[in-house]
Structures are given as structure tokens and as C-alpha cells.
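Both complexes shown next keep chain A, but they swap its partner, so chain B is in the first and chain C is in the second.
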Partner chain A sequence: MPASLRIAGKDLRLRIRDRSALILGILAPLVLSYIFFLVFGPATTGQGLGLEFGVVDEDQTGISASFTAVLESAAAEGILELSVFDDQAAAEGALEEGDVDSYFLVPRGLEQAVFANQPATVEVVGDVDAPNSTQIAASFAERFSSGIAASQLAVVTAATVEGVQVTPDFIQSLSQQPSVAGMNYVLIDETATTKQLDAPTFFAAGMAVFFLFFTVQFGVTGLLEEDRDGTLARLMAAPIPRVSVVAGKAIVSFLLGIISMGVLVVATTFLMDATWGAPLGVALLVIAGVLAAVGIMGLVASVAKTPEGSGNLGSIIAVVLGMLGGTFFPIASSGGILASLTYLTPHAWFMRGLADLSSAAPWTDALPATGAIMVFAVVTSSLAFLLLRRRLQK
Partner chain B sequence: MKELSIGWVNVKRMIRERSNIFFVFIFPIALVLLIGIQFGSGFAPAIGVNQGDDGQLSDQVVAALEADDSVEVRQFVVREDLVTAVERGNVQAGVLLPAGMQTTTEAGEVLEIGLISRPDGTGTQLQSVIGAAISQVMTPVGAAQFAVAETDVDYSEALGVADELSEHVVPIDVSVTAVGEATFPESLGQFDLGASSQLVLFVFLTALAGSSALILTRQLGISRRMLSTPTPIRSIILGESLGRFGTALLQGLYIMVLTLIIFGVNWGDPIGAVLILTFLAAVGAGAGMLMGATFRNDQQASGIGVMVALGLAALGGAMFPLDLFSPTMQRVAHITPHAWALDGYAELVRRGGNVVDVLPELGVLAAYATGLLLLAAWRLRVAITER
Partner chain C sequence: MKRFGDLTAVDGVSLTISAGETFGLLGPNGAGKTTAISMICGLLRPDEGSVTVAGEPITTTSTRGRAAIGLVPQDLAIYPDLTGEENLKFFGRLYGMTGAPLASRVGEVLELVGLAERKDDHSKEYSGGMKRRLNIGIGLLHKPQLLVLDEPTVGVDPQSRNAILESVENLSTEGMAVLYTTHYMEEAERLCDRVAIIDEGTVQAEGTRRELVSLVGEKDRVAISGTGNLVDAAEALRQIPGVTDASSSDQRIDVLATDASAILPELLASVSGSGGSITGVEVEEPNLEAVFLHLTGKALRD
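So, the complex of A and B:
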């Protein structure tokens, strides 16, 4: 058996008996992702904005009924939930109870006012804590209002260019319904696919890759521990190539990372219903991610003087990269400067690769992200290898 | 006085460690800044717009969308980028304004505007917002098209008439009223919410991380050496507790003062705010001591410490506002000291309360602190004196 594997085997046994790798590599990410999912899950999996509207029709005319009909058809499409109330008091009560976010009050005399070109007001009363929902309710009313206004305007414009008064006879004489004026555009639905992780997968993947950078530290930092404890000098004296010592530590890191990620992928799939995507694609991302983690933490170990120093610097780098990489909350979707900075971390590419695999995409969709992560892996691990080898030659 | 010396040594040990400077003093402030920038201004769904050309109608639609405060509008020059942004969830819906909107409408044809949304997202719900903005622009256009179809007037003349008349048509007015008491009042500053939650999170995190220092003290035999001097065991335990407590309190005060100076964070009644911090630091010290007395391996303890601290912070509402928890989760949250401390800060900051108003929260925190410190003192006595 090559010396590097022997060293790796010894360290691996040591780490497993020590249990710290188990805690950081498996227990912590599992527990935390479950808690995060429990706490943030309902907010992120709300499937949209959860619009709950009410309507009170005090007018009971053709125009007011057409407004309720617009809302009802939106409700039938699943865009919102609609409750029809008999009077304002009932709607007010439902709002206070939190059964609706906002309600529409269609006033008595609305139709009359429209026909007489007199002002009328549809009131949107909303919960102060649901401002977006209330604004969207208002935009429903505004869209309805512009539809009515379009018909009114169409009739008067036609009458004006003809040089006649608007009379019932004139309206009768028109060849088209005035309401067509408000239908001069259509919204063509171009449904896009989903390339975003659902809540359980997001938290499972985020915590797994966040703690991965702590887990792999146990391997590469081992080199500094051997140095501190005086066993490194003995290893150097042994008839084994120096490269094997470095390689042995890197193998430990790699194996710890792979074991931790593997266990987490399987465990979260069963415990939290996480959907990681095509197995081959996930495997590629995990391997690339672990290699990048080993490279970065190897680089940290190569510049640190003591195991404690390496551990501390490593934690700082792991936390900053993890936060910036959007493992706690999705940074990329918030726009701004951070959204571009996030792709300077392997974490962000790992999450993006998994997102590309969502909605049952083929494994090849993970290739671009895997490639990006491999750039981090190759650059950092070659640097780390060179630096560590030079250090051993002293 | 020996208690104070032991405590002071512990505070000094923490400050001398260079990486602690980052985690204790730089990182929390950076997070308050980050969270304030990202979420302080509130969440508004984002709509992406791709204009086929910069025609007048196209620009008018964009302007109408931008006038709506409930959404944030982002421009996309490349159509494919907009599709990708919707797929990744970076914007909630996309609007594709076709080229030549002017010519299409002049020809009296129906304008086709693309709406990109995801089956699972908020996109379809934003349809009404998008529709309202487009309708606003298209109303006079529609009237002109109608007049052209009904009479033999030409389009530009009809549009002129329609534009003029549109000022005289009285549309149905839409008034919006918000009712109820705001959970997050307007007066709540951009950084206020983030500052108090990060304070609670980090004071507890630092206190738990302190457990590894206690383990090292025991491992290296310092505790037993102290015991061999004429120092009563109760002084050692008290001193160690003071050390954890002092570190947590120091960090908390630092976060409070710095966020007050840099971000102008409103902490409410100063006495109440400092008292909550003091009691929370005591709870943290108790928990840190208990861990330090129970674990034998400092690496294990720091791993578990991070997990417990982050887990309790998430459960206790230090990462996501308690007010937005479901009723069941709110009850679960109040198992943690975090939730009580945050309730206290909410009372001080959002409702302008004073010390008297936060007495219940202080009481609960005091009970936690007493319980944990007594338990930790007993465990530590056992741990130091065994063998």
C-alpha cells in the first residue's frame, strides 16, 4: 500500500474516533438545515405571495358585477383567493382576523357615476402588514378602472371626431362594443422553467457546503499538527517521498468531505424531502466542491504557522465565503453589487449548479457550474501543493 | 478580588486571539450592514423589462411600471438574460415589450406583450400590476383605434383628440387605506431590526464559543493549579463565569455603541436595552460554562457550540422576525432565551417601552441565567475536583 494511503488511513481512523469531524461534517449541517427549513421554510415556500382578497359589492349593477367577475376568474385561475362579503362590517372583521389581506369596497352608485362621468371611488382596504398584497389589490382595481375609462374615452372620442353628442342612440349606432377599446393588447404567457431550489433542498445544500469547508480542514490541518507534535520530523526521516505526506493529508480531507456530503445528500433526501436532482450531476458537483474546499483549506494551512492559526483563518474564510456564496440566504437574487460578488465563491457555483439541475434537468446541466468550481479547485490546490512542498523541504 | 482577576484573564485571552477580533468585533457589524442594505428597505417583488426598441409607447409603459411602488423594475437589454433571471428567481416576472409597438397600434392591430413567469412563482400574481401599467398607457391608444374603426378619421388625429379628452373622462378612483397596527412601523430604521437580532445572535455565539477556552483551561491543568493555591473553588467558578459574562457583555456593548454611532440604530430606552443585554450575557455565560464543564474536547465543543448558537438563533427569531412565525412556531421560539430578549428589544424600540415594560422579559432571562449558572457551577465543581 502506498505511503500516502497509509497516512490517510491512520488520520481517517483518528478523525472518526475523535468525533469532531462527525459533529461538524454531519450533525451540525443536518440539524441546522432542518431548523432553518422549519423557521424559514413557510416564508420561502409560500408559493407566491398568497393573495387573499375580499370584495363587498354595494352597487349590485352590471359594472360592479363585472368587477367581481374579473376577480372571480382570477381566483379560478389560482392567482388569488376571493371571499365575497355582504357588507363592509363582515369584510372588516375578516381583515382583522387575518382571513383576508385586503378587501375591495365597491360603493353604491358606481354605475350611475360612470355613466354620468362623475367621480366614484373603489376603496381598497388592506392590512398594514401586507403592503405588497394591498398594492396588488389596488392594481386589480386600477386595471378595472382603466378598462371602464377606455370604453368611456372610446365613445367620446368617436363622438367628438364625428362632431355629435354622446346619446344612447349614438352608442347604439356604433358597430363595435366600446369595451374593445380596452382590449387592444394581450399578455402572452411565456412560462419559464424553474431553475431555483425549493426550500428543503436550498437549506440542505447550503448547510452541507457551508460546513464542508470546516470538515475538510481536519485533514490538511493534520500536517501542522504533526509538525507541532514533532511527528512530522519522524515522517520526513522515514523512507517515503515527501509528496506522499502532503498527498496523504489531502486524501483525508477529500474523503472526509465526500463522506460528509454523501451522507448529507442521502439523509436530507429521506428526512427533509430534499430533491437534489440527477444523481450523476449532483455527484460531479459534490466532487468538484470537495476538491475546491480541499484546495482552499490547503492553501490556508500552507500559509498558517500553527494548527490553531490555520483553524482560525480557515473559519474566517469559510464563514465569509459561505455568507457571500449565499448558503444562508440567496444573495444572487437580491440584485446589486453583492449579486455579482457572490460568483467569486465556489459556494455560489455549487448552489447554482444544483439549481440548474432542479425541475428534472439532465445531469449535463450541472457541467458549467462544475467547471467553474474546478477552476477554484485547480488554482488553489496547485498553489497549496507548491507552498506545502516547499515548506517540507526546509 | 481573585474572582475578578480570573475573569479579567479570560477576557484578555479572548481579545488577544486574532481571529476572535474578526468574529467578535468585525463580523457582527459587517452583518448588520449587509442585512440592513439587503433587507432593510423591505422586500418588493422585482419585475424585469426587456424593450424591443426605445419607442415612445414602450418607454411610457416602463415609466408607468416604475411609478408603482409595490414592485421594483429592472431593465434587461438581452431577452435571454431576462428569461434566465426569471428561471433563477432573480426577478419574479419578466415583461417583453415588442419592437414597433407604435406601428402595430397605428395599424389597429392587437399588441402582443410577452409575460414571462414561472408556474410556481409570484409571476402570475404580478400580472395585474403589469396590466394596470400597460392599460394606463394603452387607454387613449385604444380610444383612437376605436374612433378610427368607427369613423373615417385618421389615426394621429384621433389620438390627438383622445389624448385631449382623456383629461375630461373621470375614471373610477382607487383609494388605498391601510388598517391595523404595523408590526414594523415606518419609524423603524433600516438597520434597527438587523442590529438587535445580530446582537442577540452574537452575544450568545461568543459566550458558547467561550466554552472551548474553559475546556483548554481544564485540559492544560490550569484549573487544578489554581485549586492548589489558597483559592476557594467557589472563587474559581465565579471567576470563570465572570470571564464568559464579561466577554459577552463587552461584545454586546461594543455592537450597541458602534451601530448607534455608525448606523444611528435606535436601541430605545438605554437602561432597558443595557439590562436586557446584561441578562442575556448572563444566560450565555451560563450556557457556555455548562458546555465547557461537560465536554472534554475543545474541537467538539466549538462544533456543537456553533450549531447550538445558530440553531437557537434561527429558532428564537434572530435570523427571521418572530412576528412572521406561525403561531405554533412562535410558541416553540419562546423556549429559547433569544425570543425573550428580542421581544424585549421590540418593546423598547418599536413600541417605545421602558424598563418597566420589559420586566417580564427580564424576569424570564434572569430565570434562565440563574438555572444555567447553578447547573454549570455544579458540573464545573465536579469536573475540576474529580480524580
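So, the complex of A and C:
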């Protein structure tokens, strides 16, 4: 058996005995991802925001009914709870009782105003103790009013083009055309260029790849620990190639990383309903991610003087890369310079790869991200190997 | 030779050690002993010079020659979370030992170093002396042709120290060449067939204890306590071949001789024959500490 495997076997035995890898590699990320999911998960889907709205339709026309219909469809998707009141007095009573956070008052004469090309507004009355809900209600109303104004402009333009007067019959004829679009309230906007992970998968993947860098440290930092504890001298005096000492540590880091990620993928799938995607694609991303982590942490160990120094520097790098890489919040979709800088981390490519695998995409969709992560792996591993080899052959 | 920046740690150290010989490298802390043996064991690359053990060159890249060397480092080199047996088996496998031969040899070494009953305990539970013995056992495991011990008794209690020294004494009888570094003169005198005195990276002198002592002109001292005519007795002693000087003082004669143990009976007979009455005898042979002091101008433990 090659010496590197013997050294790796010995290190794995030691890590299992002191349980450090188990705690940092599996328990911590599993618990944290579940906590993050419980705290932040509902906010990303809109579900569980606790919006309680009321609506009073005093106009009782087709246009006012369309506004109420939009609210009802949002309620049907679980984004809000809606109460329809017969009159404003009933709505006021519900507001005072705290049954609703705010209510919409569609005034009498709304449709008439629309057809008369007059401004059409919907009033929002909110509870002072529910400013967020009231603000969201105001956004709904403003969106509706803007839509009306845009439609009015379109109607006037069409009438001008056709040289006719704006009449209810003309408007009715326009509304039959398929180009007239209605409001569409969707809190999650899925664009055509980038996909996004659902909340459980995002937090599971984010914590897994974040803690991966701490986990693989156990292997490569082991080289410095052996130097400190005196056993490195014995290893180097033994009739084994020097490179096998480095290789043994790298193998341990790799195995710990694979085991950690593997357990987290399976556990979060069952515990949090995380949807990682096509297994082969996920496997490629995980392997590439682990190799990148080993390379980066190996580079840290090659420049550190002591195990403590390596641990400190490694932790700083792991946190910075993790945050910049979007493991805590989706920086890539935030825009600005951060959205570009994030892709200087393997973390961002890992998350990107998983997003590419979402919505039942084939495993090949993960190949671009895998390739990007492998660039990190190859560059950092090569540098680390050269520096460590030089250190051992002084 | 080995340099670290502007510091020349070792220069001009040239040793030849025969099978069955225990060779001592005696010098104070910082003399270059560890650097020298690091090069011998292939841990450090010499800037000049070469090392050959059992006909094989020792370098930092070649592996064959290192199989002939067993290293017992000054710092404990054992894994605290492995048992004594696991430590031995792990290192044994690195030296190509496997299966039944490995298990058998591990058992032998555990008996040899007195750890057979504690073999299943994690080495972190061992006492300091036990850890040192395990440290030595690992170096012996593969029956090396050259065993290198770097100050193996540092920080060890007297009982364990004695046990270690006894173990080392037995090694040379098994045909193993031993290179033993120490800053304790008494260890070098007890264990070593030949000693090289090293200071500031260079070998100051090399040879048997007797050769080193005579090299610097140190003599044995004999103090004879007695009564009677000690003045005449001292005069008579000066005539005996091998006596360099003899002087008398109040109830005592101090004699300097090249080899007191060889002429002691003659000395005592001469005192008695000259009218003196002997009440006590003390023989003080010059030690390596005195040699070191003579050569370097400082004590071994400065």
C-alpha cells in the first residue's frame, strides 16, 4: 500500500477519534442550514409574511372587480390573506380590531373616471402598527393605478391613430385584443438568463460549501501539526517519498470533504426538502468544490508557520470567500460590483452550478460551473504542492 | 557543511561509525549536534559534503538509504491519540513491515522497552519516561543498521533515564551501530566507545575517552589520606614511573598520574613503605567535561 494511503488512514483514524471533523464537517452545517431555512426561508417565497388585507369595492364595476380579482389570486397563492367587506365601515371595524393590517377602498366612479381619461386611484387605509404590510398594500395600489394610466395612454394613442373618439365601445373593442395585458403579481421573478435556487436548497448548499473549507483544513493543517509535534521528522526520516506525506494529507482533506458534502446533500434532501438536482451533476460540482477547497486550504497551510496560524488564516479566508461567494445571501442577483466579484470565488460557481441544475435540468448543465471551479482547484493545488514540497526538502 | 543564512551551523564534521560501535557526539546546546544528525538522517540537505550509511547514499530525495537508519528524535515523535501498539505498527508499515512479521516484532519491541502491559493505552496516557521508551522503540522497530539517538534522556526522571541507558548499552552488543548525541558528559563516558566533541558547529576532537583525555594532557588525580611521614612518602611517590607529581600537605598526599588505576597498588605500597599510614584513598580520573573545558574554554552546560 502506498505510504500516502497509510498516512491518510492514520489521519482519518485520528480525526474520527477526536470527533472534530464530525462536528465541524457535518453537524454544524446541518444545524445551521436548518436554522437559516426556518428563519429566512419564508421571506424568499413570500409565504408566511403574514399579510392580511381587506378590500371594499364601492364601484362594483368591471374594472374594480379586476382589482379585487388580482388580490384574490394572490391570496390563492398564499401570499396574503384577503377579506372582502361590503362597506368601509365594516373594513374600518376590522382594521380597529386588528383583523386586517390595511384595506383597499375602491371608490365609487372608478370605471367612469377611467373611461373619461381621468386619474383613477385606489385608496389604502393601514394600521399604524403594521407599517410593512401597509407599505406593501400601497405598492399594490400604486401598481394598479400605474397600470390604469398606462392603459389610458394606450387607448388615447390608439384612438388618435385610428382617428376616432374614445368611447366605451372603442375601449371594449381594444380590450378584446390579446396585446392588452393584466396585472400579474408574482413575488419571485424567474428570469430567462439565471435560475435561482429555492430556499431550502439555497441554505443547504450555502452552508455545506461554506463549512467545507473548515472541514478540509483538518487534513492539510495536519502537516503543520506533525511538524509542531515532532512526528514530521520521523515521517521524513522514513524510506518514503517526501511527496507522499503531502499527498496523504491531501487525501484526508479530500475524503473528509466528500464525506461531509455527501452526508449534507442526503440529509438536507430528507430533512429540508432541498432539491439538489441531477445526481451526476451534483456529484461533479461536489468533487470540484472539494478539490478547490483542498487547494485553497493547502495554499494557506503552505504559507503559514504554525497550525494555529494556518487555522486563523484559513478561517478568515473561508469566511470572506463564503460571504463574497453568496453562501449567506444571493450576492449574484444583487447587482453592482459585488455581482461580478462573487465569481472570483468557487462558492459562487458552486451555487451557480446548482442553480443551473434546478428545474430538472440535465447533469450536463453543471459542466460550465464545474469547469470554473476546477480552474480554482488546479491553480491553487499546484501552487500549494510546489510550496509544500520545497518546504519539506530544505 | 550546513548554513542557515549567515549562520554556519555545521562545518567540517566528518564521522565514521562501525557496526557494533556506539559513537557519541558530545557538545552543549546549540553546538550543531541536531543539525549534524539531521543531515545524517536525510532530514536536511547538506550544503557541502555527503552521507553514506551501509553503502547507500543518504539524501533528502532518495529513500533506499533511509531504510538502514532508525531515528530517535530529541522531541517526542509519537501520536498521542494512537495506542503504543498502533504507533509502532504505523511506523513499522512505513518501513515496509507488514502482517505477522510486523506483529511479532512489535511484540518484541514492546517487551524490550517495557510497555507490553500498556500497549492498548493511548500514548498520551503514558508517563514521560514511558513516552521516551516508546520513542526509542519506534526507532528500533525495523532493526536498523544505524540507530541515531538525539539526546534521548532530556527531561526524563532518573529511573527512566537509567533504563534508557541500559537499553542503549545492550544495542551495540547486537551489532547495531549507534550514534548518540548528548550534552551529558556522564552519558557519553558510560555508553560511547568513541566520542566526538562538537562546539560551534565543528568537531574539536575525536577519539576514545582515554585518547581525548591524554590529548589535552589531563592527568588522574589520587588523593591519599594518612598519617606519619608523608613528606618522605611523597618524595618516594615522585620516583614511580607514571607519576607526574606528588605533593604532601596536612595528612594528605596529592598525586598526579597518567593512569592511576594501573599504578595504584604501587602507590599505596610506596606510602606504607615510606613510613606513612594510609587512612583513605580517592581516585579522580579526568572526565570529558574537563576535556571540553580545555578545548573550548567553557563548560558543557553553559
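The definition used in the following text is that the second predicted complex is superposed on the first by the 259 of 394 C-alpha atoms of A that agree within 3 Å, B and C clash if a C-alpha of one lies under 4 Å from a C-alpha of the other, contacts with A are read in each partner's own complex, and residues count from 1 in each chain.
Basically, contacts are C-beta pairs under 8 Å (C-beta built on N, C-alpha and C of every residue); 3 or more make two chains touch, one makes a residue touch a chain.
Given the structure is predicted, the values throughout are model-derived calculations rather than measurements.
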Please determine whether it is chain B or chain C that touches the greater number of chain A residues.
-> B
First (chain B), second (chain C), both or neither touched by A:Asp18 | both
Have a look at where A:Asp127 lands relative to chain B and chain C in the superposition and call it first, second, both or neither.
-> first
Chain B versus chain C as contact partner of A:Lys10, first or second or both or neither | second
Could you look at A:Asn312 and tell me whether it touches chain B, chain C, both or neither (first, second, both, neither)?
-> first
Which partner does A:Leu235 reach: the first (chain B), the second (chain C), both, or neither?
-> second
Is there a shared patch on chain A that both chain B and chain C touch, and which residues make it up?
-> 18
In the complex, chain B residues that touch chain A | 17-19, 22-23, 27, 31, 34, 37-38, 42-46, 68-70, 72, 74, 83-84, 86-90, 94, 96, 105, 110-122, 124-132, 134-136, 138-147, 149-151, 153, 157-158, 161-162, 165-166, 168-184, 297, 299-300, 303-304, 306-307, 310-311, 314-315, 319-320, 324-326, 329
Using the touch rule from the top, collect the residues of chain C that touch chain A in their complex.
-> 38, 41-45, 60-61, 63-67, 69, 71, 73, 75-82, 90-91, 93-96, 138
Parts of chain A lying in touch with chain B, wherever the complex brings them together = 18-20, 23-24, 27-28, 31-32, 35-36, 38-40, 42-43, 47-49, 51, 74, 77-80, 95-96, 110, 113-114, 117-129, 131-132, 134-136, 138-150, 152-158, 160-162, 174-176, 178, 180-196, 214, 312-313, 315-316, 319, 323, 328, 330-336, 338-339, 352, 355
Please give the residue numbers of chain A that touch chain C in the complex, ascending.
-> 1, 3, 6, 10, 13-14, 17-18, 229-231, 233-242, 393-394
